[in-house]
Amino acid sequence: MNSIHDLGGMQGFGPIAPEDDELTFHLSWEGRVLGLQRSILFLGLWNIDVFRHAQEKIQAIDYLSWSYYERWVHTLTATALERGLFDQDELRVGKSLSGESPIATKKLTMKSINKAYVRGNFERIGDSQPEFSVGDMVVTKQTHTSLHTRLPRYARDKLGTVIAIRGRHVFPDSVVAHGSEDSQWLYTVEFEGCELWGDAVDPTISNLIDAFEPYLSRV
Amino acid sequence: MNSIHDLGGMQGFGPIAPEDDELTFHLSWEGRVLGLQRSILFLGLWNIDVFRHAQEKIQAIDYLSWSYYERWVHTLTATALERGLFDQDELRVGKSLSGESPIATKKLTMKSINKAYVRGNFERIGDSQPEFSVGDMVVTKQTHTSLHTRLPRYARDKLGTVIAIRGRHVFPDSVVAHGSEDSQWLYTVEFEGCELWGDAVDPTISNLIDAFEPYLSRV
Amino acid sequence: MSDSHHHDHAHSDVSTLTDIQKRVKALESILVDKGLVERDVIDQIIEHFENKVGPHVGARIVARAWVSPEFKKSLLADATNAINGELDFAEVGQHLIAVENSDELHNVVVCTLCSCYPWDVLGLPPVWYKSAPYRSRVVSEPRSVLEEFGLDLPQDTKIRIWDSTAETRYLVIPQRPKNTELMSEAELADLVTRDSMIGTSDVLTTADQVNT
Amino acid sequence: MSDSHHHDHAHSDVSTLTDIQKRVKALESILVDKGLVERDVIDQIIEHFENKVGPHVGARIVARAWVSPEFKKSLLADATNAINGELDFAEVGQHLIAVENSDELHNVVVCTLCSCYPWDVLGLPPVWYKSAPYRSRVVSEPRSVLEEFGLDLPQDTKIRIWDSTAETRYLVIPQRPKNTELMSEAELADLVTRDSMIGTSDVLTTADQVNT
């Protein structure tokens, strides 16, 4: 989606405001949201890409108004309702009205909790060989999908160079579009700043993205 | 600028909501803002491009929260203060504290009012011949200026065809950057939808923009 | 307008703010006080845009183009001069451009960067035209936008989306409905809606008129 | 979260909403009630992210890379495996990528599409990293952003901006400060700030430490 979440290269959001000695959580409920999020990801009912797409569907004014953890609460709730983890009535009363969830198969316990700390591994083994090699010039796809993509708007339809092959990974676009992992080779692609931002840009900069093979064509 | 004002091709702003029998003005003060805006443009202290750039400088969340005429009030006030048409003290008390404005040379009266109704003419006569002809293939500039441009983000670094030459017009980018009219040839350029939006787009669409000569290069 | 006030109201075009009314009053008083604007001028401008200009102006131009091939030809060549050359039309500003619909081609107008609109001939722009949803969507998915407005174009009709990015303004000349040969120019003008001249809807048919 | 609530509070990352507290409580109760999450799990996760992980983890990794050329080599080749191969580090997830600063090259990390961040080694991301101003600006004007963070790079230093667009995560290995030959690995780790591992600032010098 080309929602407000795709912020790279935009202007007009005010100053960056680092805090001195920033607190881990600014409000007590924020930590609990993090705990909920980690728990739900552990349950494996949907993956992080589905969560990200739910964030993209937040309307622009809400996306900019809500804090990070407020967006999480919204997304977590919306996705759980959509997937049937619980229903509106349960949400209203704040307890289960139907016993165990019909869609869950795992349970996060104090014994298994270490698995909720470490990031999942999204690399997948497959038969295909990578289409591109380090040093290859590639052009990124032009796309304005209303579904999920991890190709940011500023790096579309642009010329770059493959600088690394990162393995074969779950393809977020397919996960969101039709629930399949459809793993794809992942590359780091480097772009000269002027290719992305025009000749007036600082000539010392380059931008790098991690791009899945379907985003790339040979020049 | 790449502010939120450059909305073409974005997603996530909710449904379009046409009103039945829409009122000319929804609130009584809106008409007065229109009157103020037309009056100030008539005074010729700054032109419409300066007003537009002031709109671009509104932060995203405000731009999306404020109504159209609220943005006008903000912009009109900010520009008038910046240019010294009146000062903060005058704004606070709502009257002139310093007599006539030092920067104004014109006055809008009931006799001259017809001039406040008709749009200004931004065409300028110059010596140069247009660089491009109807039918020429052109590529638009890649730019991410923090100043003013009328080249929307969706139509940058794209291949199009000149379909009309519209005369030589005041160049908004120069007006805002250094106050000079710097008139330039203006063309209507047509782009195939797939050039801008990718292969998945409706194949029957094409997009047209009015592009000033400095935005274009020959292919 | 203080930084804090923007959280106090909804993001529709309808709000009732005492603060903003005071601000507008202050601006007007200062301009009058400084001798820049004569007292009745603002009222007169409001009167002009509420009552003098409006879609009825564009509708008369379209109807004239429908009945006069000669006028249509000059309108498509240079709309401002064509209109200003006809004695019974009020003066319009530079540079108005007329674009004509046909069976093969539909035109729709937007201003993605602000809300440029041909005020001279259509009056004040509707709220939806100025809104983020319309400005963002119509350039890349015109067909779904037009469907929401009730306009189902044939799948092979070409759509041109005109983005007003300079000081040109666009007026769509919709197609003349069938079976209107016997109608007068004034009757034809009554069929021409505002949205049909933006390109988001069709003109009325005589059947529509009976129904409303 | 109702559609109306978003107008009631400021757009900072700090808000105090009873509504949202109730919502969070409800979500937690439902999950526990349905037997999906054991009661103490949420507290334990909070404890982990508040106290176990944090920039001190990344700082120890950087200090080790400074003192051990062999570890640095394997870190730059495959950071996850290098770290998980050292017995005294806690396990980190796939795929962590370490990028090294030099006199000629400075690295800075962002996630423009969301807020991807190497939590395993840096703990919770700071609010500014997740904010629209940082995510929007650093990709096209890194130098002015870094200056705001107090980092003035030489004009000819090349800057690479790494945008975390997939499930890879980036850790910047800042340059080891001069005149630190006599410091222990633990002392060196104390010089490594969170922001220096994101790329928005330099490490501390021994002079900084005396001053603070």
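Labels for the chains are A, B, C and D, by order of writing; each one numbers its residues from 1.
Everything below uses one rule, namely that a residue touches a chain if its C-beta (ideal position, glycine included) is under 8 Å from a C-beta of that chain, and two chains touch if they have at least 3 such contacts.
What you see is a predicted model; the values in this text were computed from it and never measured.
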Lowest number of touching-chain links that must be crossed from chain A to chain B: 1
Farthest-lying chain, centroid of Cα atoms versus that of chain B: D
Chain C and chain D, separation of their C-alpha mean positions in angstrom: 51
Distance from the mean Cα position of chain C to that of chain A, given in whole angstrom: 41
Between chain B and chain C, centroid-to-centroid distance (C-alpha), Å: 17
Chain A, residues touching no fewer than two other chains: 9-11, 13-14, 60-61, 64-65, 144, 196-197, 201
Multi-partner residues of chain C (each touching 2 or more other chains): 7, 9, 11, 132, 140
Residue numbers on chain B that touch chain A, as the complex places them: 1-4, 9-14, 56-61, 63-65, 141-146, 157-158, 194-201
Touching residues on chain B, where the partner in the complex is chain C: 5-11, 13-19, 22, 24-27, 29, 31-36, 38-40, 43, 48, 52, 55, 61-62, 64-70, 73-74, 76-77, 80, 86, 90-96, 99-101, 104, 106-110, 113, 116-123, 150-152, 154-155, 166-167, 169-170, 172, 186, 188, 190, 193, 196-197, 201-202, 204-212
Partner chain B, residues of chain C touching it in the complex: 1, 6-7, 9, 11-17, 20-31, 33-38, 40-46, 48-50, 52-53, 91-95, 97, 110, 112-115, 119-120, 123-124, 126-128, 130-137, 139-143, 145, 148-149, 155-169, 195
